[in-house]
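In what follows, chain A forms one complex with chain B and a second complex with chain C.
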Partner chain A sequence: MRKLLNTLFVTTPNSYLALKGETIVVTAGEDHLGQVPLHNLEAICTFGYMGASPKLMHACAERNISLTFLSTSGKFLARVVGESKGNVVLRKTQYRLSDSTNESAKIARNFIFAKVANQKWILERMTRDYPMRIDVPAFKKISATLSEYLQEILMVQDLEILRGLEGQAANHYFRCFDQMILQQKDDFFFKTRNRRPPTDNINALLSLAYTLLAKDVSAALENVGLDAYVGYLHRDRPGRASLALDVMEELRGVIADRFVLKLINKKIITGKDFFAKENGAVLLTDEGREKFINAWRERKQEPLTHPYLKEKINWGLVPHAQAMLLARHLRGDLEEYPPFLWK
Partner chain B sequence: MLVLVTYDVATKSTTGQKRLRKVAKTCENYGVRVQNSVFECIVDATQFKQLKLKLMDIIDSEKDSLRFYQLGTRYQSKVEHIGAKESFNVEETLIL
Partner chain C sequence: MENNEDNYLMLSGIQHFRFCQRQWALIHIEQQWAENVKTIEGQHIHEKADQPFIREKRHNKLIVRAMQVRSHELKTTGICDVVEFIEDEQGIELINEEGKYIPVPVEYKRGKPKAGQEDIVQLVAQAMCLEEMFVCDVPKAYLFYDEIKRRVEVEITNELRDEVRFIFKQMYNYYDRRHTPKVKPGKHCKSCSLENLCLPTLIDSTPVRQYMERFL
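Take a look at the complex of A and B:
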């Protein structure tokens, strides 16, 4: 497995990114903010109104460095995509399978199966780690319900039914979500999932985590030569990276949700790190966002043994591992797509 | 791994100044300048070899000198900084 390189986050407003030799130079007006060699970078992620020189975009595309532009609130705006290199045959297979709803359902089923299985294990882990602080019987009951859904998901051949089951399972899972918040109950409470814009602290955190994860997964898919925009569970829609969202389903719980819970339960992020806008949108302050990014990067460096590959990698490489496995399945080297099943 | 690159280039002549600029530029492409003629480069074995070859091509071995210190992958405990101009590590969180 390859080495995970670093991500450069640019948050200073009005900064400009330029290429100098083999390095990226970040300046804000007259100030020189920093210079980093490109070979140390995996991705560049900017928040706010950043200028970037075409020469730099050129260099990033050539070196497969993903360059992403997010708005100040972390909403995805654009990503610079280079030439689709890699395997035409692989991409055509991807398209062919996506045209057949039958074949799509087979792959989509594995995404959803893993998503629900991972959600179940998040609940199970909570009952093991904090038996005194949460309502164990309720968790066990929902976990059992999720097990039933898992059985059903295995039988389904139809995309619509699959989506229905996913929604119901997610409903059950999110019912427990509020209980998993163990600290800072006054500032953080979960009622339902809301977005565009998120209207409470938890949803603001979840949204940002999902955006960062989606960006990582897209880049990983492009890296193995797949088209991030042609999905199986998510249908084609202009501007939506459907396949990235597909692969992300199984990682949402284990990577993003658990990360957000950790930020709150370890009091890394507090109620002071948020502010509300007039329209009800809740956003992270600059310091809050910095803490968030810092913790996100640390999380990506943490090691785990990949449940399918049995190889020691760090969490940041999980999207890459899954993209590689999906490509192997599409090529026909693997009978079925092995989703990421965490325990 | 972390490689520390330091150099001394004789700048009496204009060709020497030219060499100095070239050496600095090449080092910049591979690492972060921590002091005037000191660079910290986080590179793999191939990149290190490339860097070495490029620098050897530029310098005049009669007058200039280069030193490479290989500090390995666990270099954190081996580096200490005191005083002004604290630089950043390209393997830690990069927020600019």
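Take a look at the complex of A and C:
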């Protein structure tokens, strides 16, 4: 399995990135903020965007280092993609299957199956770990409902029905979300998911976690030669990384949601780390973002055994593993796409 | 189309194919590794551009480096690390040179001689290109291994020539169908640079459906 290299997060707004020899140099105005060799980087992710030199973009594209630009609040802006790996055969297969709603449904079904299964096990895990803090019968009931959805999802051949089931399952799962917040209840409460812009602390955290995850998944897909923009569950829409969103479905809960809950329950992030804008949008402070990113980086280093590959990897490599498995299914080596199922 | 050299398969692919057909398909059909192959080819071309036909003359030898070769019969093009033209009564005449010569390809390899035949078939394919281009016989060739710092002589037999023809036929068959053979895992996977992409051990894992049903 490939090695997980470092991700360089540049969080100082208005930083400029340039190439110097084999290193990346980060400056802000007259200030020299740092210099890092490229060879042990896998990704560069910047918040607040003065820009990067074309020469650096070139070097990143050549070395397969993903370079992503996010706004200060963590909203995705752009990503530098090099000349695509010449894997025409694989991409054509990807497109061909995407053109057929029937074939798309078969692949999409496995993304959604895993999404719901993982949500179910997040709930189950909570009842086991905190039986004194949460309403176990209520959780069990919802878990049982999710099990019924899982049975149904396995039979579905139709994208619309699949999306419907996914939406209903998500409603049930998010109904439990507020109860999984075990600390700092005054500052963190979950009512519904809101995004544009997030208007409470939890949604601000979820949005940032989803953005970082989407960026990792996109890079992993492009890395194995797939086109992150052509998906199965998410249909083509200009500028939308549909396939990345597809693969993300199964990872949202286990990677992003659990991460956000942990930040709150372990009090790594507190109410002081946020501020509200005039329009009601809630943003992380610079310091809060720093904490978030450090924890995200640490999380990526934590080990697990991949449920299908049965191989020990880091959480950070899960998107790569799934991208590889998807490519492998598209090439016809695996009869179905094995999604990431967590227990 | 037939004789358009742009469409010919890369000669160096024969070593991949002989090592593992799937490895060859991943590199040459799916271009999973394209940049590495290109890098290697690029270096050759670079060398060639730097010293187009610089020939060292030593005693009875004329040494040409990074020589581009092709065969219309095999439908392949590639580059020989080194071709030595050895003065020999039985040889052929070369333009602008006195005497008669026999071309002898020498391929430089990292490491030591391998158990498999992949280096040998590549060398034989080079010899066959030279035979076609110079209209002569190439009876022998050498592999130079940097670990043992020695050349190993390879006799270009008719059996080996037939085998190379056969391999190219198979390669074209897969190529025309854009077919990537399924994994046949084995000891060779340990030394395969594509192991991470190919995931050879996946073959004996559970069917996906069964794997999913366990989570119901």
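We adopt the following convention: the second predicted complex is superposed on the first by the 342 of 343 C-alpha atoms of A that agree within 3 Å, B and C clash if a C-alpha of one lies under 4 Å from a C-alpha of the other, contacts with A are read in each partner's own complex, and residues count from 1 in each chain.
Here, a residue touches a chain if its C-beta (ideal position, glycine included) is under 8 Å from a C-beta of that chain, and two chains touch if they have at least 3 such contacts.
No experiment lies behind these values; they were computed from the predicted model shown.
After superposition on chain A, the partners chain B and chain C are seen to fit next to each other with no clash. After superposition on the shared chain, chain A has more residues touched by C, the comparison being chain B against chain C.
By the document's definition of touching, of the two partners only chain B reaches A:40; chain C does not.
In the superposed model, A:72 lies in contact with neither chain B nor chain C.
Using the contact criterion defined above for the overlaid structures, shared-chain residue A:294 touches chain B, although it does not reach chain C. Angle at the C-alpha centre of chain A formed with the centres of chain B and chain C, after superposition on chain A: 60°, rounded to the nearest 10. Contacts of A:168 after superposition: neither chain B nor chain C is touched. When both complexes are overlaid on chain A, the residue A:7 reaches chain B alone and has no touch with chain C. When the two complexes are overlaid on their common chain A, residue A:265 makes contact with neither chain B nor chain C. With both structures placed on the common chain, the touch criterion links A:53 to neither chain B nor chain C. Of the two partner chains placed by the overlay, only chain C lies in contact with A:324; chain B stays clear of it. Remark: least CA distance from chain B to chain C after fitting both complexes onto chain A is 14 Å.
In the superposition on chain A, no residue of chain A contacts both chain B and chain C.
Residues of chain B that touch chain A in their complex: 25, 28-33, 41-44, 47, 88, 90-96. Across the complex, chain C meets chain A through its residues 29-32, 34-35, 178, 180, 182-183, 196-197, 199, 202, 205, 207-209, 211-213, 215-216. Note for the complex: chain A touches chain C at residues 1-2, 85-90, 110, 113-114, 117, 121, 147, 150-151, 154, 224-225, 307-310, 324, 328, 331-339, 341, 343. By the touch criterion stated above, chain A contacts chain B in their complex at residues 3, 6-12, 15, 20-23, 26, 33-37, 39-40, 290, 293-294, 297-298.
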